[in-house]
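Take a look at the structures below.
The following pair of complexes shares a single chain, subunit A, combined with subunit B in the former and subunit C in the latter.
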Partner chain A sequence: MNSTVGLSSRHKFAYTWPLAWGVAFAVVAFIWIGGDLWQWAVKAPKELTWKVEALGSCTSVRLCVTGFFKFMVSNEAYIFPWTFKEFTRFVAACIEFPYQIIRSFLASGFTIPLSGGESWQSPPISWLGLTVVLTAVAYRLRDWKLALMVFLCVAYLAVFGNWESAAITLSSIAVAVPIGIVFGALIGILGYRYEKFERAITPILDLMQTVPIFAYLVPVLFLFGFGPVSAVAATVIYAMPPMVRITMLALKTVPLEIKEFGKMVGCTKRQMTWRVLIPAAAPGLMVGVNQVIMLSLNMVIIASMIGAGGLGFDVLASLRRQAIGDGLEAGIAITLIAIVLDRLTQAWASRSPAPHHETKPTLLQRHKNLMLALLILVGTTAISFVAPFFAQWPEQFEISTGQFWNDLIKWININFFDELEAVKVFLLLNVLKPVKAFLLALPWPGVLLFLALAGLQLGGIRLAILVVSCASFILITGQWTKAMITVYLCGISVVIAAMIGITIGVIASRYPVLKRSVLVFIDTLQTLPSFVYLLPVVMLFRVGDFSAMVAVVLYALPPAVRYTLYGIQQISPSLIEAAKTSGCTKRQLLTKVQFRLAWPEIMLGVNQTVMFALSMLVITALVGTRDLGQEVYIALTKADTGRGLVAGLSVAFIAIITDRLISAAAKKRKQALGL
Partner chain B sequence: MRRLLQSAILAGTVALFTYAPIASAEVESTDPIKITWHDWTGQFITATLVGEMLKSMGYNVEFVPADYIAQFVGLESGDLHVAVEIWETTGKDALEASLATGNTVDLGETGMDAIEEWWYPLYMKEKCPGLPDWTALNDCAEAFSTPETHPKGRYLGGPVTWSGYDDERAESLGLNYEVVHAGTDAALFGEIESAYQRQAPILAWVYAPHWAPAKYEGEWVEFPRYTDECYNDPAWGSNPDMAYDCGKPRGWIKAVGWAGGEDKWPKAYQAIRNFTIDNATMAALIIKVDLEGQSVEDVVAEWLAENESTWKAWTM
Partner chain C sequence: MDSKPDPILSCSEVWKLFGRNAQQFLKENNNVTDDMLSENGLIGAVRDASIEVDEGEIFIIMGLSGSGKSTLLRCLARLIEPTSGQVMFEGENLLNHSEKQMIQIRRHKMGMVFQHFALMPHLTVLGNVAFPLEVQGIDRSERENRALEVIELVGLQGRESYYPRELSGGQQQRVGIARSLSVEPKIWFLDEPFSALDPLIRREMQDEFLRIQSVLNKTIVFITHDFNEAVRLADRIAIMKDGAIIQIGTPEELVINPADDYVEEFTNDLSRAKVLSAKTVMSEPEPDAQVGGRVSSSAKIQDLAEELIKSELPFHVVDKNDNVIGKLTRDAVVDVLVKQP
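Showing the complex of A and B:
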């Protein structure tokens, strides 16, 4: 029934869309040609301001936001019985307390005052002890392979002299991750229980994930004060949304039979949630936990800009003195921590359930391993009083590959700069500059018209309204030009990243051997902080749009590869067989069968590529772009809340527009394919 | 097991609550003085020097990384207490605005002299013999050009947030140059390093005290000397219609503190006011850290040991 309606309407409107697009193009071309007559349409409008001071005493969106935050941190905003600032400072103190304890354990040791003004400094946990324990945990959870890997990763931190910084980084991660998980899960459960709540928080989650972090660093600083606590708070904001989403999804996908069973045995609502739903959804929830850990580690460098210290600070400090190698080593340390935490949590999630005991075991029996681990930690830490080797890997045995990397870049720079320059100049003059000029010349009413049409065609009137209002926000806050530069840089980078990524994905899907190394490569690329490769890119390509593009392409590549690979692999083998038996050549198989069937997944990959590119764009402001990213960055350094948030929201809206349009297109396509 | 854990937590809690008052009791307050840490080596050294000096007097000191401009919010609210390097060249406006609130106090000049100007490596003098005089720049525009800017020269300025009025300067002096802004300090010196390795043309913003003028042989361009009128009065200078037709100001580097600290740690604030160090000394320390790879702590400790009589006098 449905399909016949769809079919007839499609026949009826077969010419409507091309016609509409034709008219739109004609209108835009008309405005463009008559440029002088339509000044208001061709020139990007200035920020909208108003004279009437109805909303407080501000006269533009930007100033209103700034004013709002000034009000919040002043002593006039109350959350009974405190002022708002007292409240946030109280929250900050609650975060600070566990952070200081963990940090003392891991990095700085405790200072215990003795009588007479003297004090006694306890050492932090011995690196040797922690390495042994983590390796043993890995062995216990999985096998010796995982144990070896964990051992190598942790030993790297000690041998390369990153231990102390890693311990500081780990302290803030150890506070941020549990907060992110617990609150994420709780909000997720609420969202699952109350549909209205879910609908209310979904757009907020979208914004939390798409507003660049730089944009909310300043408000966070205002509210939580300078130092590690603000860094933890910013990390939580950034890392929590996936946990909320995944919790809601995991709870929804709990099989109906299990829910029915819970009802039959007479569970109360609370029992139902905690005893039935959560355990049943555990595997899904673990994906969320994993995401929180990964995203928290992504934040390490940015968090160090507002006082987190640790490895992120080391990376930035090395880059500042042009020590590429040292920066790379510290960056790899972050990647390794991510890998260890990721593998350990995954192994823990998929561990075999504990054997059921008939007799109640004693405390010692139940926690034999835990006791042993504690014993090792306490023992090695105690020994570190007398044996310095236990306290710290001896400095003279530290390895550094720093010089090697510096020399490598220097060698490339001296020998290949001209070749690289030729490629760069060609692309710059023939691709980047024309596209930029074209986008900047597009009249804004035309862009709004195109967006409205695309929204209508792909998803109907609601989508059209959404995308047009998002774009209008950018327009009235006076950021049109910068937004267009953002679109240009991001667009070109995405096209290139998608081309390279899809190609790699297709090739890798054919050769299993290649697939493995490709996966390792993109995993590394994704967890290695982008700051590490920003500097070499600048050295080889100079400050400017091209360097920014290279960095964005590198960063946005992984999802394109991953989703293509996944899309091609999930095609059922019987379909491939069928195509082969009906005589497809390899090429036909790829273009006519695999590509078409994997199209929705590839589109999702492209969608993710756009999201990654946009989040990276803010970081490329550090190499001197002139887009919204720069706007956000300037606002950060000037501590201008309104400016930063407005520019950040504009980036988020560009992301939302692209995301909604691409998702709608993928959905349509999927329906057409009958999947 | 549980008891062990409990006692560990108890010990930790005790340690934490009694964390601060470990120093000797002769100072006014043992609450930690929070000194900010920014993102360049010279500042780390100054901050560590000041911090160690205060520690030797019996104060507790904490170093808090904070952004150069963003820190004023913290200094005004008392979250942060002392910033040791505010440069007249880049931070004057922010400093004056902050002092005007009454919540911060001027802790005096550090004795260092900030230089910021257009800079080129010495090997460029062969291609452009008229340098360092600024009038030679236009003749050499092509020598300083890149394919993107050709035939205009290319000048790599600092991050937009450093201000510096380079776009205005180029226009006002009629320089045939395109001003490109590096996003960060690291990117700026990354490009200089790259060019220097290849002995390629580069014209960029270099400042002192910094390791760059020591590592790379080069000179600053000599513009008409800066005066206040040049920036404020368009009529001044070679261009009658525009301001900024001169070089950048050279100037003081000051320390600034939270106003509340004046009553809380008066002796510490006085010691910071007494503190003074010159460009040459600072440059030598920066080189030890950035080019010879020593740690900031070691370099500072060495200097303190060698110059004890100097800095002890500041603490009296």
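Showing the complex of A and C:
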């Protein structure tokens, strides 16, 4: 019944959409031509303000947010039984205490006061001992290959003189990760158990994952002050949402039979959760654990802006000094830590349980390994009193590639300056500038009209309302111009990234050998911290929109490649065979079959590209763009919560608008293809 | 067989409707038809089902996919709440029990085997089989001793410390069977236990199942979509279609007297000699006639055929007390073997 109605209405309104778009374009063009007459429409409006006695200083969205946070840290806000301030102090203490202990172990050593005002400084755990133990763990979990890899990664940290920074970074990760996992899992379990709770947190999770990381930093900084506590808190906020989602998903996808089994043997609710569901969902949950670790490491550099120290700070500092070599080395160190932790947790998750034919490992046996590990750690640390080699990799043997990279960049700059400059100027003049001018000249009512139409056409009235209200938020908070600059930079970068990415994806899908190397390449690209892209780009092209664009394109490339590859590969082989037997040439196969069927996936890839581009764009504020990212960055330096959150939300809303529109389009296309 | 004892498990007029206001709908309407359901946007998974399962019998619910057989089973175990009706277990209505009471009943009196085994991947065979006892809070040594007994019963001794993924499908289901028996349940539910297995293994497992049942003599509700399996294993079969029970009877009754074309369809492919017994095929007794021998009235034709066909003479059919109650001729046996209904 429904489908026939749909068909006839589609037929009847076949010309409605083109007509509507035509009218919309005409209206916008009309406003634009008669620009002087409709000043209010052409010029981006100022921030909407109001004056209401009862609200006091809360006269705009921005100031209201600032006011709210000021109120929270005053002594009047209560979270029973404490004031909010006491609550944040309690949280801070909960983070600070384990952080200091771990940091003492790993990095700074303990200071033990002795009588007579003197104190005794214990050394941190010896790097040599830790390297040996980690390598042994890797060997025990999997094989000598993993052990070798772990050994090389850890040794890199020592040999390249990153050990102490790495230890500091690891300390904050070691605190943030367990908190993220435990709370994420608990919230996820609640979400699984209570549907209402799930419905309440889902939009919050959506928002948390689209608001740029910088925007979190502002309120966190405001609540906890500059220092490692803030850094850990921000890391947890950033890394936890996937854990919540994955927990809910993993619990939901536990086979119905297992759940029924749990009920049939008479499990209570608690037994059901902890004895049946969680163990059965364990493989899925491990994915979440892995995600938390990875995201925490992603956060390292950004967290160092609010006091994390360690490797992140090294990267940031070298970015400011424009010392590409040091930054690159510290950035690679972060990546290596990520790789080691990733592989070790994966090996741990998929470790084969004690082989059945052996006798069960007794508790003693297990402890034997642990004891041995402890012995090595204590032993090497003790030896480090007398043998400085055990305490620290000797400085004279430290390797640095810094000079090499600096020289390389210098060489490129000297020899290819004209070529690079020509490319840059050409793109700036012929692409970037015109697009920017065009977008800034677009009258805002026209943009709202276009958005509403797109929403209506792709997803109906609810989608239209959603995208228009998101855009309106940007409008009334007075961010229109900056938002348009964001859109322009992001848009150009996405178009370029998508063009390059889809091309690479298509080519790679044809040749299996190429495919493997492409996958390795984009994996590497994705594990490198985003800041690392900025370094060489800035040194080659200096600060400005063009540098930002190049960095964003590099960062946003992987999803376009990945989804294109996936989209083409998931087409059923029988369809390809059918096309071949009908006599398609390679080109026809690509354009008439593969592209069409892979289109929904490719669109999702583009969607991801947009998300990646937006998150990177905020970071490029560091190299002097004038968009919403800059706004957030300024807010961060001034600890202006209102300004930061409003700008951050605006970025999130741009992300939401594109995401919902593209997803709706992809869904529609998929339905049309009957997939 | 005069005064039948009360059935251990029964349900009467059980309905399970999916959709809004299903309960209200059933209260207001008496003779529910397909049209009435679809008009109200309801889906009838189980419709007016009544069965009685006697102590020690293998009761099989057979139906194709979507016939509601699994839903009915879950109503009997109260994994799914019936929309209306009664489920009586040991003289009490299960639907009146609280959640706590149900936990106790399931812990001590019910066992269930699942189609896809539903083994816990992180536990060994021993851990899986002992799990229902662990949930009850029985301490380790006792529960493991009891688990070892059932593991031996299903023939998995020596594999106690294997993990499920190290076992074949048939072995995994043996674990599932052992686990469901570890609490010595009063009633044993099997939900398509052998459907996920290869045909050869399936056959082996059916034999295994009959062997275990001959030792334990449990009351069994067994679900299958395979009519041959049902006939092979069942004391009685209930055939379901579109949520309703069409016919309940022994395999023989279904073959001789199918309630409708649907049931007859199933019996067509069946080897009748395997199902029909001497009692059904025999003719009027002739106590004085010359006979080739005596056969039991409950013996299947399949098993008698060779002997009867070789013999020139008819055979006496005798009941349990060795009274002659009928005559079985060679022609009658050949008829069964050759003739298709």
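The criterion applied here is as follows: the second predicted complex is superposed on the first by the 653 of 675 C-alpha atoms of A that agree within 3 Å, B and C clash if a C-alpha of one lies under 4 Å from a C-alpha of the other, contacts with A are read in each partner's own complex, and residues count from 1 in each chain.
Operating definition for what follows: a contact is a pair of C-beta atoms (placed from the backbone, for glycine too) under 8 Å apart; a residue touches a chain by one contact, two chains touch by 3 or more.
All values reported here derive from a predicted model rather than from experimental measurement.
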(Q) Applying the document's definition of touch, where does A:V91 land relative to subunit B and subunit C: first, second, both, or neither? (A) neither
(Q) I'd like to know which partner A:A282 touches here: subunit B for first, subunit C for second, both or neither. (A) second
Q: Please indicate which partner A:T268 is in contact with in the superposed arrangement: first for subunit B, second for subunit C, both, or neither.
A: second
Q. With the two structures laid over each other on chain A, which partner does A:C64 touch: subunit B (first), subunit C (second), both, or neither?
A. neither
Q: Name the chain, either subunit B or subunit C, that contacts more residues of subunit A.
A: B
Q: Answer with first, second, both or neither: which of subunit B and subunit C does A:M539 touch in the superposed model?
A: first
Q.
A:E257 in the overlay: touching subunit B, subunit C, both, or neither? Say first, second, both or neither.
A. second
**Q.** Contacts of A:A382 with subunit B and subunit C, given as first, second, both or neither
**A.** neither
Q: Under the touch definition given earlier, write down the residues of subunit A that touch subunit C in their complex.
A: 255, 257-258, 260-261, 263-268, 271, 275-276, 279-280, 282, 353, 356, 360
**Q.** Sites on subunit C touched by subunit A in the complex
**A.** 74, 77, 79, 102-108, 110-112, 114-118, 120-124, 131-132, 134-136, 159, 161-163, 166, 183, 189
Q | Of subunit B, residues touching subunit A in the complex | A | 1-2, 4, 9, 11-16, 18-19, 21-25, 34, 36, 39-41, 64-74, 77, 79-80, 146-148, 156, 159-161, 180-191, 193-194, 197-198, 200, 211, 289-290
**Q.** subunit B contact footprint on subunit A (complex, rising order)
**A.** 97, 100-101, 104-105, 110-113, 117, 119, 122, 218, 221-222, 225-227, 304-309, 313, 316-317, 319-322, 363-364, 367, 370-371, 374, 410, 413-414, 417, 421, 425, 428-429, 534-535, 538-540, 542-544, 620-625, 630, 633-634, 636-639
